[in-house]
């Protein structure tokens, strides 16, 4: 089963690489990511499968907005004309030599990648201990929010930086757009009605994922993206850009501070281990839940800003 | 070497080949995303066995954890996925701004226009 | 039950040929839609074999996010594609 | 509480960004830097006697992330805080927004984190953070920024970090741990043929971060990009690039006997020599300095991989000296460029008269770099040379000679008549900037005079230079400076080779291909 | 017994899916392909999910499957509708069975 799906993934990846048109490349990439996430599911990691599926949808949205101008033929033709301006390289140097080199490196790599059993030391240690040390039932969440919360802080920081970077790199300083460029699709009544039904489901589902994060697959990141997805639906319905981006941005930074403070107080300072034994499980579950919720809100706000930034301002 | 590992390495070097041969900035961005996916797949294939159970308490059937997936790699790759999205967003916005300035999607042409001023 | 999964994967492989072949972008998106739905069914049957409830969350995520990405692609294609020509 | 060193700058930065205005941010920044430098000095004193170690969250054994501060990392943390204090003072009179301080502080936190962490994956995360922040910061000026350079720098870093991640994956499978020190104990018991792949993958990334040949071309993209603030470049050329060297040192330590020194000695030496030719051909000040940085980092890699304890101590000392000198050079040229509004080497003249303090600091920094007797650079270079064989010694002197030629080419800006008028309003700002770089110049001199004490404090090893060595070094120095002078006279004419070198630029495809080729090269040499 | 019934129902659903895949190769026009495949696909999905629900009886699993079923019922026709509408609005023309251009 795994073999066949892996082959599917390989086919999709090959087509990402050899496809000429940008839209098709994006479509293939989306497909490739989704098949990859099925592979993750079969490898026993539903958490990551969820993360990859949500992430790939968001990456597709970013790519679609960002590369929208290069979808049609005329731009591609212009691009080809540009290419002629530079002196022509010969085919051997451009395609065949790199192909030979890449295949050579691949063969070398596989030659040295000797199959060997995994050393299970850390895995067994964590699987044996995580219910006592961190609590919860999901080992992945336990590592993500417990043993390696130090990494998670930097990951959250990276999202803050990404938002700052997107605002800074863009040429536009505007943060509030009342009447942006509307999408050309005159959404039909039926579509509108049905999206209206779907939108609340996404937000409920996101909250469910966050709340259940430490008990089963899912967690802050996946739930946060699902909540952000609600705002994408909102964009479909109303077609307006009236969110107070600046306030959301401040809120996001503020929540980041709370996350860091929370992690610093409970994990770094070791407060959670000081809790009396009777209340240990309760304290741990409260910690995991609150942390998941905070990360979920932070991720949701970050992605809302990114999405609105792209769709409302960068399209002009 | 499991199939998953083999194919993820093949995809890694396919993306490498594509990065080396193409001249288009958009493609470079898309291929580097593909590279990230392949590396994540490789990491998950580290403890490969047929029919692994998720590392969630009530699905873990055995106490020696032989048929339980490794939670460490999963948690690490969750971080890597988020980093991947953040980097992708930044790359895309940089490309958009670059296009506005130099009116090209070509690496070499952008360089020429940069030196021209 | 396992046979169903095999059949589904083979079907997905068949639909992928439509994504490769499909003369217009609309065919490709349509085929993509079919593939993502087959994956949802795949996950449901897989969860049913394993009897694990939380795998169904993944199916819901596929349904929601596959739909969103797809709709986004379609909407932005609308003003880029004119006169029936692809791209 | 080692985490505080990393988390507190970041928390403070975000807090400042949210709740203060631009003016208050500046004052808080200086106070915080002072506090940090005191704290890191305290840490340094602790780490002199024993390795300060802490597991985040006090979890059992290697389940959590372990932070380690030993002698080397505490020195580098001290250096980081010192340079950040300098640039905070340098920026004091300038109008920089809160955003700048936010990014700067996060950068500082992540760099301290890189020097502290004892975890493979945590290092990857921190490296990504610092890469992205430096990308934003080198493009901080919205008007003059060069997006091509920024994108080039970001993409090559993001792609090569995938090699590192793959390598860590293989290492994790072999050792079953992500902790660097735990891995160090386990690796000797592993079959060497299994280690080839992770070694090659990790070292490829380390080599890119150290700007070894053939992956050098990202350095001018990062360090000479148009419109980058000089303060950012000062951090970039010193601490950010030193973090690459630190990665290299740590990874070589992890692999222990398996690590292959000969290749990297060869690659480091050739990087230096190629860097010299590239630097001589440049006409843009910043391009020249960025290739000078390449020369220095090549030399450091060369020194690390040859010889014994002496050269290792010497190289580490050289790393610090080089960082101080580089910071002085980039900040000093920043003042000059702002004054003359040009980066062209031929158009700037008479700096010695118009900005005397700056030019003295620049001259001392350069003197330190090419190992003038009695300056810190000479001490470190003599320590490196002490136990080297003849070939290594010759290479070291050739590199010194090359640096001298670069200096002679650079020194044309000091003489002649300056054509600019002084404006009243700018003087205060310039005075503060000049004031901030004086300590760096002084450190170059003090590090030479009190070299015995400095090495004693830094490395717990009292190793001094005897008189015979000093005389020998002095004679060679004088001879080489004469040779360098004549070489400089010779190359003044525009030779076609130099012109070709000046415009040489490897595209993104070339550099990615060279990453792959370097990887294959290491695989071939180590594997067979 | 329940197992066999559910297996039969799922098999019927799979059969519908196979027909749907056959459909996208049989017809030469995009609109026809859309019509056939989306309808048949939805029917197949519903049938399979009902089979799964029967298999698991009255449980939390079935409730969740029911939610997925509802989502598919909404989303699949919706996607087809938007796809068709967009294709039509942007001027993708109808073709005759023997591949001639229509009006």
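A, B, C, D and E label the chains in the order they appear, each numbered from 1.
Rule of thumb we're sticking to: a contact is a pair of C-beta atoms (placed from the backbone, for glycine too) under 8 Å apart; a residue touches a chain by one contact, two chains touch by 3 or more.
The shown structure was predicted, so the numbers you read here are calculated from the model rather than taken from an experiment.
When the partners of chain B are compared with those of chain C, the chains appearing in both lists are A. Touch-path distance (fewest steps) from chain D to chain E is 2.
Each chain's centre was taken as the mean of its CA atoms, and the one lying most distant from chain D is E. The chain with its CA mean position farthest from that of chain B is E. Looking at which of B-D and A-C shares more C-beta pairs in contact, the answer is the pair A-C. Overall, the chain located most centrally, as judged by its C-alpha mean against the mean of all protein C-alpha atoms, is B.
Once the centre of each chain is set as its mean CA position, chain C and chain E turn out to be 11 Å apart. Per-chain CA centroids place chain A at a distance of 29 Å from chain E.
Inter-chain centre distance (chain C to chain D, centres taken as mean C-alpha positions): 49 Å.
Between the CA-based centres of chain A and chain D the separation comes to 33 Å, rounded to the whole angstrom. Looking at chain C, residues 29, 53-54, 57, 60, 64, 67, 71, 74-75, 77-79, 81-82 sit in touch with two or more other chains. Among the residues of chain E, those in touch with two or more other chains are 71, 75, 78, 82, 86, 89.
Counting partners per residue, chain A has 26, 46, 98, 101-102, 105, 109, 113, 118, 120, 122-123, 126, 148, 151, 155, 158, 161-162, 165, 169, 171, 185, 198, 201, 216-217 as the residues that reach two or more other chains. Chain D meets chain B in the complex at residues 121, 125, 128, 132, 135, 146-151, 154-155, 158-159, 162, 165-166, 169, 172-173, 178, 505, 507-509, 512-513, 516.
On chain C, the positions that touch chain A within their shared complex are 2, 5-6, 9-10, 12-13, 16, 19-20, 25, 28-29, 32, 35-36, 39, 42-43, 46, 53-55, 57-58, 60-62, 64-69, 71-82, 85-87. Against chain C, the residues of chain E that register as touching in their complex are 7, 10-11, 13-14, 17-18, 20-21, 24-25, 30, 33-34, 37-38, 41, 44-45, 48-49, 52, 55-56, 60-61, 64-65, 67-68, 71-72, 75-76, 78-80, 82-83, 86-87, 89-93. Residue ranges on chain A touching chain D, taken from their complex, read 98, 101-102, 104-105, 108-109, 111-114, 116, 118-123, 125-126, 129, 133, 146-151, 153-155, 157-158, 160-162, 164-165, 168-169, 171, 250, 253-254, 256-257, 260-261, 264, 267-270, 273.
Residues 185-186, 188, 190-191, 194-195, 197-198, 201 of chain A are the ones touching chain E in the complex.
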